[in-house]
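Heads up, there are several structures right after this.
Each of the next two complexes has chain A plus one more chain, namely chain B in the first and chain C in the second.
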Partner chain A sequence: MTSCCSVFYFRNELAVLQALSSTVQRVQWVFLFIYLAHVYIKAVYCEVMWKSHMFYYLLRFFFFFFFLNLYQDPTASHYRFQDDPYLTPRTASEFKLFSLSQESGRNAAKYIINTYPNFFLKDYAEPHIPCLMPESLQPKVTEVCEAGLRELIHLRKVRSAVDMYDRLLQAGTVVSLELTNNLLDLICFYGDQDPVQGDQAEPEKTAEGVRDDEGRFRKSDSLHRTWRKDNNAERIFHLMPERNERSYGALIRGMVKYGAHSKAFDLYTDMQNNRMAADVHAFNALIAAAPEVRQKYSEKWDLIAEMLKQMNKLGVRPTLLTFNTVLKSLLRCGPLSRALVLQVLGEMKALGIEPSLATYYHILVAFYRQGEWGFIPKNVLIVLLCLQCCSLKDLGLAYRVHSLLNVGDNWKLLGNPSREGFYYGSLFNLVCMMENIGVVLQWYRDLVPSLFYPNSHTMRDLLQALDADNRLDLIPEIWKDVKQLGLATVSGDLAEEVLALMARDEHSPEIQESFANCALAVKAVYGHGEQSQATLDFTASALCNMATILLAAGRTDQAWEILQLFKANNRVPSEKLLDEFLNSAKSGSNSEQAVTLVQMSSSFSLPATARLAQRVEQEFDLSEEQKKCMDQLPFEV
Partner chain B sequence: MYRRALVTWCQGRSPVVFAQDVCLYYPKSNETANLRVSRTIVPGVCRTLTAGTPLFSKDPDELPSQDATQRRDTKEAERQEEGKPERPGKEKLLEILGQMKVEVVSKKPKVPQEEGRSRPHPAEMESTISMFQEATAGVSQQREKLSPKLVAAASAAAASLPDSARAESELLQQLRRHEAVTQAQKATDGSHIGLSSLRSVRRKMQLGGKRLNIFTQVDAKAKEEVAAVPAPLTLSLWDVEFANTIGTVVNTLPRNGFEEMIEWTKEGKLWKYPIDNEAGLEEEAQVPFQEHIFLEKHLDEGFPKQGPVRHFMELVVSGLARNPYLTVAQKAEHIAWYREYFQSKEDLLREAGAC
Partner chain C sequence: MAVSFGGAGLILANHAVAHMSRTLCAVPRARAIHSTAVCCKHQAARIRVGKGDKPVTYEEAHPPHHIAHRKGWLSQHTSNLDRETGAAERTVEDIFIRRFIFGTFHGLLANELVIKRRGNMLVVCALFTQKIPAYKLYFLIGYTETLLSYFYKCPVKMEVQTVKDKVVYKYL
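For the complex of A and B:
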């Protein structure tokens, strides 16, 4: 209870605390400390009772904000998951699976409550909580009347509403204009089909990862639906004794939404002939449809400008949506877009309409030159900004974009987890390219895996950064991460790159040891695994590098095992490798191995066989049998 | 060290750093390293290098982009100069770079440019246009250190402007004008003027009032009506669904316990703090207390005026008057039930003599 009191008393301070704590910058610690000192002094000054208790509560809030997840905790997964080591996702696919399963659990519970409402009617909550009670989705009014139609429209049942309307007309009742307009709105919005019910939705729809509050009324995928010719909307429209602008507007919007663009323009000319003024929404729809009905870029722009001029003539005031639609259509106009986009912005400012994020998004897309990333992410400004920074290779700008995310509620703009992963991926890519290894590793620790799961491209960037800063001793750790992220078996590139980096240079003995262990771990990824997981096939370079690493660490037996694998997997060892083996055999004074090497080389018909044989004869003391073996081998001296 | 930084800052826009000054900043490195480093750093670079980093303890705030790219460029320059370095050489080089502890002299003359811009910025988000400006300015700054890349940089930066050919020619003209200047000043001033010219060109094209000039009539009308147009009185289906789609695109999943509690409070699952005893009882607050207490008016019809039934009902009414848990409608319902009951049992009561 006293904590509630303190909350109430210090609610302004709490808001500031919350705002401060939502930042990730460590420099804010200092400000927070100064701020807390101020609050304590305020408590003392105001002679609040139990002021020492107040300070205790403040300290507890301090504790909350810093140690209990209000800071971005890099060691924890997202809050929505259970805080259990078994139940935290380790890879991107696990993340998706776990969040989908949570969502489906909630949907299942909602389904059961709504299907058997008689078991859930007793209301214990005081005050009443409406969202926990069962929803009634069946219409209560059964007879044919206007109230029934209204209810069906409210419940978004398109087919039943159209049936009810037809029956009303047959019964001879005159349906009011407003109700008919509502019905037209409904039909045009849903394209003359019922909205997709929650239990029939494909799992990809919920893969957006965002909670679907209105699971049943989720907007259906309008790309799959087209405006049919024998549409209920058109039929009802023609049956209407009188139509007003709203009816025309609804029909135009529906047509544009479902792809009947030229029909929408025909309807618009119809409207003009009837001397009706379309409202701003209809104009928006027409502007969106304009690029589809003309072929040449200049014609498209002319049509859009024509629409805008008519809006001006009729005195229809354009809104932010109008200009955003203009910008979106401009993007389809090719090279005209760059100059015109800025002029549209000027128009907006002249009219006093403040541009929104979508405006800036469209403007950026107009100027964006596609760099190494081959596609433009849809509708996410922040991600686009980050991509821009990548292509411009500007790290300071990227840091500023990232700090924007920590302001207020901006983190919500990142959208669903896949887009978030895209953003963090490009940010980390830029950091790897531009910063030194200390900063790179700091970012790596902060971002992975609490904020995003890197893909193999990102890991390769990280390896390159390690290489550039000569920190190859961290490779075994990185390999462990790669395995945990499930990237090891996706494609052979990462494993090969890791092996190549380890095998390339000479290092100190401890590092060689760790490399050798890592090489054996990588070897386990190849070959025929025990489990049913996908495994990779051995490649020649991988085997060569593995053998080199093991030899450098002094593990000759395991290196020899690898040599046997060459034959087993139909791969040819390189000559450099055979030289190294020969050197190790020489250091071990093992002439058996030397002879075996030459035999192996000749079995592969390598051109270096002669040279190897010569070396063996010169450097080793061979017994008589071994000399005979050597002579028998078919090679040119 | 700080004095030096102050001096360069106060010198303003064109600090001149000579090669040997760089040595002042490397107290720990040896002579050969000094000479090697000073030879390889491009003369006239006024930005100084940042501190080297021991692993894992670097504060990311202290590394602005220019210095990082600069380090990389100098590293690359060194690599190119010495060909493929041997590994001990490379390690030594990295050691040297790691030992450099230098102050950052921020050179970008931000203040005059920002004064020139009188457009108001939204509070939280700076306009992407200005960010883009500074980004391209930053790009041109970075690339203009090495003179062969100036032209390439100018064309790259200009290509991002709307009218690239004109911008490029302007930039190149201005760059050619400064060829006579000494090498040290060329790098600094060239980049400086490149920066300002870029901004001026951009400003000319962008904000100078170029607009479509379509909505002149609406604009004029809007200036006449001062009062804002009231929001539409009815929300159509389209508006509701639009709001829903916006809600689904934005990610609202809570990141911590406090945000979850906020979500639940908005949904109504959690009480609002500070706890209000009368939360959820807003309609009841409108009902005056007389209607709860003076319930005899319900006994006027349907009940006999005297007798045990009336006596009983008066007791019921006095009990209901003391009941704080029922609404007025529920109390009336109770009394109505009794009315029906006694009316159905009327013959029985008449027999018993109580009617």
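For the complex of A and C:
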């Protein structure tokens, strides 16, 4: 009764809360707080009982939103780093370097702990902490017996286990079916080789046998294992006096995992001839292998459907994994996939199996239209969603996707830092395109540099957004960020764009001052850089823009220095620039400079030399020497 | 004044005995004890004033009677409170940790370590100089944290601050 009342009372409030929580603006939480205070007072006034679950729902909602949003401090770096300016990473590469070096330090310590375990055996912890004890990877049982085999299987030592099994057979002991099945499982899982230890393989390549993530392209690297012909698994299988479903199942799954698809189907027909029923895991493996053994799309789908029918006949209940495998195999079936994928989803609903994120991922991939990025991010649902939003240019949808990240453990879905950077990059790109400058800057402050390090593409988008909203006065600060991120020397585009934007229009004096300082900072990036950094060569447009900015700010000396740089770097100044210089010389009444200008222009053989000379003669009072100099210059009449 | 029981007495005795012991066995030699008068002087954790060219940090410059007046504590735990046990074990752990970090971060420590114990956790607060690049420092930090965690079976965290050079308080 009270809960009904509370729903009635709080219906409006709930709706408002939903709307507020869909954005991630941090300023909204202030309103949320005030709002909730109002809700509380209303609750007390209307004498709704404390235990009303609606109120708790609101409070929990509030805590979730409040703490989860305040959790992220936009001025700090990631919590894994130390809080010190020298130790904070400033670019994406530094982030990766620091986190990897910290991780490798941990691995070095683990290596020492496992190599000299006798120093780390003293137990100070009162309830024993097993994860802080050194790992013992050596088997303790040494003689040939079943317990030894069990231990070797537990320690995942494939070769030694096979060895021990052979010795047991030679000694004449009968190994139990259960144990043999365990051994078969081990061999088939690891593909008849020992699992690669953590320090031998790179973390990027998965250690236990490289399984294709999608069937899109196969990486042919040396770690890729295939199912060999003279396999220990098959040999032991044939040696077994009696086999049951589990043995067949293990072998089928191993074959599918390591690429022997047709053999798996042969074994399956074998099973059927012996009137054995495969279990759900074997069926999953066969469905995954189905697209590999047929060529035409329709045949592939027919085989998958055949497998499903047989599952039904045998009464094997499909699981979530079955349906995900079906979807994954459907993606290989070409144009059939779009219609069938939705049918599969319907089947899942009918069976009452809740779809997981992987399900939605496969469905999205089936419908994905290739946008400008030109590839599909593997296995990262959130990034895929964001890309969809970008290609559809839908900002509201993008905000909803982003708010998904705040729910529960979803932040883990972002994947490794490069994918995270990709996600935030595309999100920020969309925001720059669609929102006004205030919102863009808010996002920029929140995201950079605590959550992601932008690349030059993103910075260019930001500059365009600034341009569109006429906030060019923020350019010097943006340039500082660009330098700090290490993007300034990557390609000359950013520097040139910054200079072009600053030089384009007229601005107020203070802004011109800040632009002039910024232009000098940009100049430092060109030319001889410090400490063997990659430097950029001066380009004509960059030099022209620099000179224009300095002249507009009234710093004529520095502008003249830049003019000297033209000759030094073999670049030709534009005529407009020389006109501007002439104007400034006129305002300073400096005929020396004017004559120098004309000399310079003639040395570059500019077509405007004649016009400039004429202007100089008309507007300046020249002394005798200067007139002689002018006459000596070769003119093109 | 030094009193030596050995030398002079033995010579006299030798002379006296030698006379009558030529025929008897030889006298066995004895070791001597030297002792001095008491020198009432403190010398714990003090750096004596010298020429004026020796740079000294704030921590080093203040002798121990300034603790709780001008200095804080370098090791913070609750074992010294009433009816708490384990002070000796904590001290031994501290000594090990200080030597371990002094050796691992060789030449980088700008000041003494501060070791804090919060609940189960050991927090080692260190001040390093910026002599090595940051990624090498992170390697050593990761290594130390893991190794000490496994050694003492409790979470060990490092809170690191870096400084350009050792901060000199005065020259003694």
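The rule is short, and it goes like this: the second predicted complex is superposed on the first by the 530 of 637 C-alpha atoms of A that agree within 3 Å, B and C clash if a C-alpha of one lies under 4 Å from a C-alpha of the other, contacts with A are read in each partner's own complex, and residues count from 1 in each chain.
Please note the rule applied: contacts are C-beta pairs under 8 Å (C-beta built on N, C-alpha and C of every residue); 3 or more make two chains touch, one makes a residue touch a chain.
Note that this is a predicted model, so its numbers are computed, not measured.
Colleague: Touching A:I113, do we find chain B (first), chain C (second), both, or neither?
Modeller: Second partner only.
Colleague: So which one touches more of the residues on chain A, chain B or chain C?
Modeller: With both complexes superposed on chain A, more residues of chain A are touched by B.
Colleague: Can A:D123 be said to touch chain B (first), chain C (second), both, or neither?
Modeller: Touch status of A:D123: second partner only.
Colleague: Kindly classify A:N470 by the partners it touches after superposition: chain B alone (first), chain C alone (second), both, or neither?
Modeller: First partner only, chain B.
Colleague: Classify the contacts of A:I363 with the two partner chains as first (chain B alone), second (chain C alone), both, or neither.
Modeller: After superposing on A, A:I363 lies in contact with chain B but is clear of chain C.
Colleague: Just chain B (first), just chain C (second), both, or neither: which does A:H38 touch?
Modeller: Once the two structures are laid over each other on A, A:H38 reaches no partner at all.
Colleague: Report for A:M434: first if it touches chain B alone, second if chain C alone, otherwise both or neither.
Modeller: first
Colleague: Classify the contacts of A:K628 with the two partner chains as first (chain B alone), second (chain C alone), both, or neither.
Modeller: neither
Colleague: So, does A:K567 touch the first partner chain B, the second partner chain C, both, or neither?
Modeller: Touch status of A:K567: no partner.
Colleague: If we overlay the two complexes on their shared chain A, which of chain B and chain C does A:K296 touch? Say first, second, both or neither.
Modeller: neither
Colleague: Residue overlap on chain A between the chain B contact set and the chain C contact set?
Modeller: Correct list for chain A: 129, 132.
Colleague: Which residues of chain A touch chain C in their complex?
Modeller: For this pair, the touching residues of chain A are 81-84, 86-87, 94, 97-99, 101-106, 108-110, 112-113, 119-120, 123-125, 129, 132-134.
Colleague: Using the touch rule from the top, collect the residues of chain B that touch chain A in their complex.
Modeller: Per the stated touch rule, the residues are 53-61, 63-66, 68-69, 71-72, 87, 90-91, 94, 122, 124-125, 127-129, 131-132, 134-136, 138-139, 159-160, 162-163, 205-207, 209-219, 221-222, 229, 236-238, 241, 244-245, 247-260, 267-269, 273-275, 279-281.
Colleague: Tell me, which parts of chain C touch chain A in their complex?
Modeller: Where chain C meets chain A, its residues are 130, 134-147, 149-154, 158-162.
Colleague: For the complex, give me every residue of chain A touching chain B.
Modeller: 4-5, 7-8, 18, 25-27, 68-70, 78-80, 126-132, 182, 185-186, 189, 208-214, 217-219, 253, 281, 305, 308-309, 311-313, 315-318, 338-340, 342-344, 346-347, 349-352, 354, 357, 360, 363-364, 367, 369, 379, 385, 388-389, 392-401, 404, 407-408, 410-416, 420, 434-439, 441-443, 469-471, 505
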